[in-house]
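Letters A, B, C, D, E and F name the chains as they come in the text, with residue numbers starting at 1 for each one.
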Amino acid sequence: MSQYPYPMLDRPFAVFRKDDEKKEKTVNEWIQTLPMSDNDNLENVDVVHLGVPLSRSSISASAASEAPNALRNAWKYFSTYQIETNIDLADMQIVDLGDVKQSITDIAQSHRSISEAMYEMRTNHPKALPVCIGGDHSITARLIQGWKRAHPEKTIGILQFDTHFDLRPLDQGPSNGTPMRFLIEEGIVNGKHIHTLGLHGFFNSRSLKEYADSAGVTYRTMNEMRRNGISRTVKESLEVLCQTVDAIYITVDMDVLDTAYAPGAPASTPGGMRTDELFEAVFLAGQAPKTSAMDLVCLDPRLDVREASVKAGVHVMLCFLTGYWDRKRRGR
Amino acid sequence: MSQYPYPMLDRPFAVFRKDDEKKEKTVNEWIQTLPMSDNDNLENVDVVHLGVPLSRSSISASAASEAPNALRNAWKYFSTYQIETNIDLADMQIVDLGDVKQSITDIAQSHRSISEAMYEMRTNHPKALPVCIGGDHSITARLIQGWKRAHPEKTIGILQFDTHFDLRPLDQGPSNGTPMRFLIEEGIVNGKHIHTLGLHGFFNSRSLKEYADSAGVTYRTMNEMRRNGISRTVKESLEVLCQTVDAIYITVDMDVLDTAYAPGAPASTPGGMRTDELFEAVFLAGQAPKTSAMDLVCLDPRLDVREASVKAGVHVMLCFLTGYWDRKRRGR
Amino acid sequence: MSQYPYPMLDRPFAVFRKDDEKKEKTVNEWIQTLPMSDNDNLENVDVVHLGVPLSRSSISASAASEAPNALRNAWKYFSTYQIETNIDLADMQIVDLGDVKQSITDIAQSHRSISEAMYEMRTNHPKALPVCIGGDHSITARLIQGWKRAHPEKTIGILQFDTHFDLRPLDQGPSNGTPMRFLIEEGIVNGKHIHTLGLHGFFNSRSLKEYADSAGVTYRTMNEMRRNGISRTVKESLEVLCQTVDAIYITVDMDVLDTAYAPGAPASTPGGMRTDELFEAVFLAGQAPKTSAMDLVCLDPRLDVREASVKAGVHVMLCFLTGYWDRKRRGR
Amino acid sequence: MSQYPYPMLDRPFAVFRKDDEKKEKTVNEWIQTLPMSDNDNLENVDVVHLGVPLSRSSISASAASEAPNALRNAWKYFSTYQIETNIDLADMQIVDLGDVKQSITDIAQSHRSISEAMYEMRTNHPKALPVCIGGDHSITARLIQGWKRAHPEKTIGILQFDTHFDLRPLDQGPSNGTPMRFLIEEGIVNGKHIHTLGLHGFFNSRSLKEYADSAGVTYRTMNEMRRNGISRTVKESLEVLCQTVDAIYITVDMDVLDTAYAPGAPASTPGGMRTDELFEAVFLAGQAPKTSAMDLVCLDPRLDVREASVKAGVHVMLCFLTGYWDRKRRGR
Amino acid sequence: MSQYPYPMLDRPFAVFRKDDEKKEKTVNEWIQTLPMSDNDNLENVDVVHLGVPLSRSSISASAASEAPNALRNAWKYFSTYQIETNIDLADMQIVDLGDVKQSITDIAQSHRSISEAMYEMRTNHPKALPVCIGGDHSITARLIQGWKRAHPEKTIGILQFDTHFDLRPLDQGPSNGTPMRFLIEEGIVNGKHIHTLGLHGFFNSRSLKEYADSAGVTYRTMNEMRRNGISRTVKESLEVLCQTVDAIYITVDMDVLDTAYAPGAPASTPGGMRTDELFEAVFLAGQAPKTSAMDLVCLDPRLDVREASVKAGVHVMLCFLTGYWDRKRRGR
Amino acid sequence: MSQYPYPMLDRPFAVFRKDDEKKEKTVNEWIQTLPMSDNDNLENVDVVHLGVPLSRSSISASAASEAPNALRNAWKYFSTYQIETNIDLADMQIVDLGDVKQSITDIAQSHRSISEAMYEMRTNHPKALPVCIGGDHSITARLIQGWKRAHPEKTIGILQFDTHFDLRPLDQGPSNGTPMRFLIEEGIVNGKHIHTLGLHGFFNSRSLKEYADSAGVTYRTMNEMRRNGISRTVKESLEVLCQTVDAIYITVDMDVLDTAYAPGAPASTPGGMRTDELFEAVFLAGQAPKTSAMDLVCLDPRLDVREASVKAGVHVMLCFLTGYWDRKRRGR
């Protein structure tokens, strides 16, 4: 970015500083926006970032629509370098395309736009990995719908981190309780290619469990994961999916986290996953050879305490990207 | 549990204790629910209370859908007797019919149900005054639409307490920014019969003011009201309306209050009305001979601080009813 | 409203909707209140639920008296089905009898009422397991006192989850710091039949430890439990108690939880138990053949953050009941 | 540490720095504790300060028992000089005697101690004005009882700032809803010598109003005060009392304030008094020639927001003392 | 701004959209940043906006350094049109230059930069009115110092809204308690040209009052202002200053507001100014013919409740600018 | 009040009650202040406690300067007896000397005073272990600098618990990001004698890691510690340091804790250490034979939730002292 005319002043915070000269960047300095500078090449972008600010479709009132901007605001706290893995994301090209436009009062219209946005993104940036920030979980159905439309020949598998099955019947509309059912019933994803990890507590009725069984969904409760090892369980699911599908879509419902760690995830509850466990899980997911897209949903910044959940959300995205970059550097 | 007589309504979330023996009651002990006891006569009900838990239609995310139950929960803090006026509401018959059923993902459907609910309420309880608790301001358009359908021959006037005109164009859907425009453009209410009191600050664009002028809306800013006297301004508007319409509908957008008094009204701002001013204003409104219905909207309990706004909301309803009861006792 | 059959109790603040047609219920739809519907049989009730809203007896000011209603309000978030164990509580009959009536200024009178309430409950519902929600820990002394009066021939053992011994001397009155001392000194429970699990930190003076030793109380610190395994330690205590007493009373002081998990437990501290550990522990306690009653105390909803502690409290009750139901289904 | 001279009192929780060399002091540096330095003379003390940390007697749970220490902690924010009146309290001698000792579980015992403490204070410091910080409003009955015991020949009048009459019947015990009834029924104060200012809203039942009328209590609602002028109303009451009684006791229930100004007063409500109005009122009360004691009650620091209510409480005490000092300097 | 390449997407929020086609703008769309678009002329800028994020110099810890960005973030809530005055700021050219660069550990260096920044701004934009957002009140001394350096021939007067004199002695360094003393002692401003409005309570020691008297500072307490009329008092001061100085500098310490209205102003207290009073005051100040600069200080967003104080801060800036624009349109 | 013997220190804000007769004490009753009672011997003091209230030197605004008093205020919640180890600190002599005096606007001056205070403390109390409560991490550089000046012949090693290296370059001043770099570059501590434990996440840039490598700093990430065992890793570092240095300085940056456990540590993040892990770690550190001083930094009480972080801070100090006392009792 060109020299600021007032050497004594910091320019207003709002223009994200992409500073090619600066060697070490915070995440907000690293992620680009359009139009990119002349020497950037949109062709070579590794990751496209998309906000999907829809939460009118939540069963309970939610301001998860504010999550994309809340996470953007928190990027400045993070560097691109992860100390545990010694991986620096600085060389990865990532561009933030902005938010899918939303209708105020027509949820069906918003759902169509989300599907269309993923379709266009896949068409315009076929080499880039999409990372989408919701919004509530209803968006996952539409993002995968758009993905499938762009790649009708590909079999999609889903690795879902969630307290809930999200298999509610669709008769009350495509809400945040229904995305997996929608994808199964629309024939977009086979229930056998859905792995749901982290279920716990008293938040799934018996009939949903029976539906999951009949549809062939694989699921693991938190107790099972703790006994088997969290990482090991995640790896097992990724391995099965890698053998059976063409592309894996990772969806992280932030309410999989314990409410002590994610007060800002409206349906998070005691007994959930710890953040360090989830960070490791999404790192592994990013590393998996067939992982092709990722989303993060159901984080309501208004309910947050000291930005803990928002920071956890940025962490989840960065850990996932660290895994992805590790794999890409190795040429997988 | 037996079938609820109003299939379109959810019954109140909790059946309160109506205790006929108890001489002095708190508001939750006073307000009845269905089915009433044998010696009660639904015919003689003075006031019907309705929850309208829709806020998916808000421009910004809102949990105003939780207001009806939040206010019900706070009824227990209030007695039926007001010390300033020496009026006791205990002899007034009021029944809480419950909440209008809502669709999770089809806002248009919810809007139709709200209109229908008011229509049915007017048909079943023609002698009772409706008091409706939103929800966001989009519901006012539908409640008045339903009222008009029940009384097509009557000219309706509106006394609106609000920081905003709510005259936004309808091209982005019938949101909480549009109810007055909707009513004017649908021909349900003439702009000349709308009095908007309490406008202030930098929250109405110039074009909305120009629309208000062209539609003949009467409006007073907070500054004007303070100079002229709050009560005097309210009385003047009520007098004009009483002379020009058949029925006055009172709509209270809680964001007319200063944010220090109503932190739970999402769009409340500094410089707004004080609660004691609003309480006096709705008391006067209740007293006006042609006042025929009332609603209270845009109160998001999740944003509240120490239930201050929720308590202010209950106060508004009770002060309005005190004015109404004062008038009814005098036979006007 | 008709006379309530239990003159000593306040009926539950809200009569919840028991809906016999609904197949899958949330906890508030499942738990019944009096009078039950005609086809219910009070004889067959499996569990009786009692609120004990006394916290004037706390050493530090506490609003734990608000916990029974706060937990009732949160029942609606929970289904009756637990995914980890595949157990559905829907077939268990449970009735909420309401709250023990309290004196405003005579704590001794309130303590007598609590003892009396448990005595009556045992007499009227001898086959039902009592689940009592405090209130502060002083109530445990009185509940067990009432239980013993109903079953003077039975030896009672206590499994206590707590950060504190609760063995303070009684010279400052029977506060929430004294219940175990009261029971020992009154000869109601032998110190050798008390197992206290989860002690930690700097919150028990040396003299209390010496008293515990001299009275034969068995205790385990959090560190010991972590080294030995939480579940294993709980099982060991349950086995010892099953061999030495006739009936086991489970008492859960919510301050055993780490303050990160239970900010609403006034004396919770860093270094405490995690919620998933406590949930497993009470599940095991519910399964134990001689477990005969349970209480949950010292949860102050006013101190809570995002209802995390209140939800943890409901979880604790439900996990305990899941264990109990698992055992009852197996006929133990 | 040496024995404290007042066995019935807990000494102040922290001994503040009285620094004789320092010319300008903050309030914590100005208020003395026992033992005073050698060159101080306990005889000449102008004001004695007493904490009365009892709130177990509140109808709803309250931590008003923490108010005395919360206010002490906030003294450091205040200087002794008031800019509006150009009065400096620095030359007034004031000593903080500490807190009345409280029983944990015997409220009647605590009430006796409070009465005794005021009696002793009047006996030991007959020339000093007592300023007492509650605790809940039940303490006022006992403080005045003790005062009367020390001066049986004097007629006492009360100027009460309150949202409530505090005239509830005593059959549920001497709670914070009953002090004025207690004083009337015990014959300690004649109802005709009680002036209650600031009543408003729906928080006093009709029967209490009727009792007030029959007992001859003078009362003014907020609306009446606003119409008549707040200061003018206060002056009128003070003048009447000065003509009819020997000594005026000022009692400030912090819930007379609007909840926007005093979120920490549990029963404060919208529509109440503003802080600047109350500050002026207690200044006038301090100036009145027969004013002989003052208390401040029902402030729960745990409910406070940003210490606003606690700071308002310190303000109330200082404004009252400023009025008192103004009068004393003039020799009245 | 050029067309965004993705018609279905909103571009990321961070690039402030100056949208020349858009007729009605929110404040963030209206205020420009550098570099401006080609058809903008930096010469014609009416107002320059500057952030001064220094609060290490506060006596008590403060995060007022975060106010400039917090206010920028809140611009989006405001339109450019004020309903009370029917004035639209849209035609005013305003550019946000960014923030003065700060040293982390050398406060003196930061102070020098602030002075230099104002000097440069006056030199580069001699026709533009500077509006500066602190930071704490120590910045005012340096901003005026820089202003004076640019215009050594001009006599500067100050209109200060504040709870405090800010006349503390400088021996403990140039903190937020000293700016007026600094300016007097450095000979930059004559004490007789300082008008301090809004003093109240127990927050100014007697010696500061004596210093103010000896230096000829004019001051009005809140009580005096309320008796005399807030607006009238402001007008009187502006008239006096207009007759005696060449340029008036307006400084608004947000702690002049009552803590109920500005919880985010660390030193705000009960008994302070209301927001509507301050908004009117700064509007009048903006209108005054000789008003030449404005700052707003001592707003700590971390202490805020529901952004009330931050919104009040934006209001203050906009009301001031409305007054200024009203005057400029009239050619004064 | 008499002159304080340490002119460079502010005496503790409150003189706590040391009560020699009381057998069992809370921590505030146990820790002494100056002047001690006659039968105390300053020579025999085991531990000296020092507040270091400097946080103006923090990169982001911080009120960590309020931590010393916040922790003192929380001492009253803790007894001196730890149940896990059966160790009672009551026999240890510890004196709180107060706070290092701070300049308001000259950070360099404050840094010099801190260094001087540690030097004097080592000179006056050569047998006592210093425990210092910050303030931000910049104080560690100065405390160790003062320690080294008192013992120039001794080799110092550092065991640091931290999310960050604190090895930033010094060109932006000696902030809280630089202490370890300062000590290395000043030649006070050899990089090879620094062990940094608990690094995690995206908060250390790659260049800092390279600097750490080149300087020979030993570091372990949270992941490494979890794999290797937290306690085992701590023991390994202590063993290495015991073999290579003369004195070990323990520094605990509270942001090493997960933000769920320490919301009051401004830079704490998800994925950090749990409190029970840190308590065990500092216990081990206290036990190590060469451990000679300890500090605790970067705890901002204003950001805390329900005092959780403040209580964690007191815990850390007490667990460390328990380890130290265990070692001293054994004569090591």
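As a convention for this text, contacts are C-beta pairs under 8 Å (C-beta built on N, C-alpha and C of every residue); 3 or more make two chains touch, one makes a residue touch a chain.
Keep in mind that this is a model prediction, so the values were computed, not measured.
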**OP:** Could you work out how many touching-chain steps separate chain A from chain D at minimum?
**Re:** 2
Original post:
Out of E-F, C-F or C-D, which pair touches the same way B-D does, with over half the contact pairs the same?
Top reply: C-F
Original post:
Over half of the interface residue numbers used by both chain A and chain F, so same, or under half, so different?
Top reply: different
Original post:
So how far apart, in whole Å, are chain A and chain E when each is placed at the average of its C-alpha atoms?
Top reply: 42
Original post:
Centre to centre, by mean C-alpha position, how many angstrom separate chain C and chain E?
Top reply: 58
**OP:** Could you grab the centroid distance between chain B and chain F? Build each centroid from C-alpha atoms only and quote it in angstrom.
**Re:** 58
Original post:
Got the chain C residues that touch at least 2 other chains?
Top reply: 260, 303, 305
Subject >> For the chain A and chain F complex, residues of the former touching the latter >> reply: 23-24, 27, 77-84, 86, 88, 90, 260-261, 275-276, 279-280, 305-306, 308, 311-312, 315, 318
Subject >> chain D-facing residues of chain E, complex >> reply: 199-207, 209, 221-224, 226, 258-260, 263, 269-271, 303, 305
Original post:
Which residues, counting only chain E, touch chain F once they are in their complex?
Top reply: 55-57, 59, 61-66, 103-108, 138, 172-175, 302-303
Original post:
Hey, which residues of chain A end up touching chain E in the complex?
Top reply: 2, 4-6, 8-16, 28, 33-35, 50-51, 69, 72, 96-101, 113, 116-117, 120
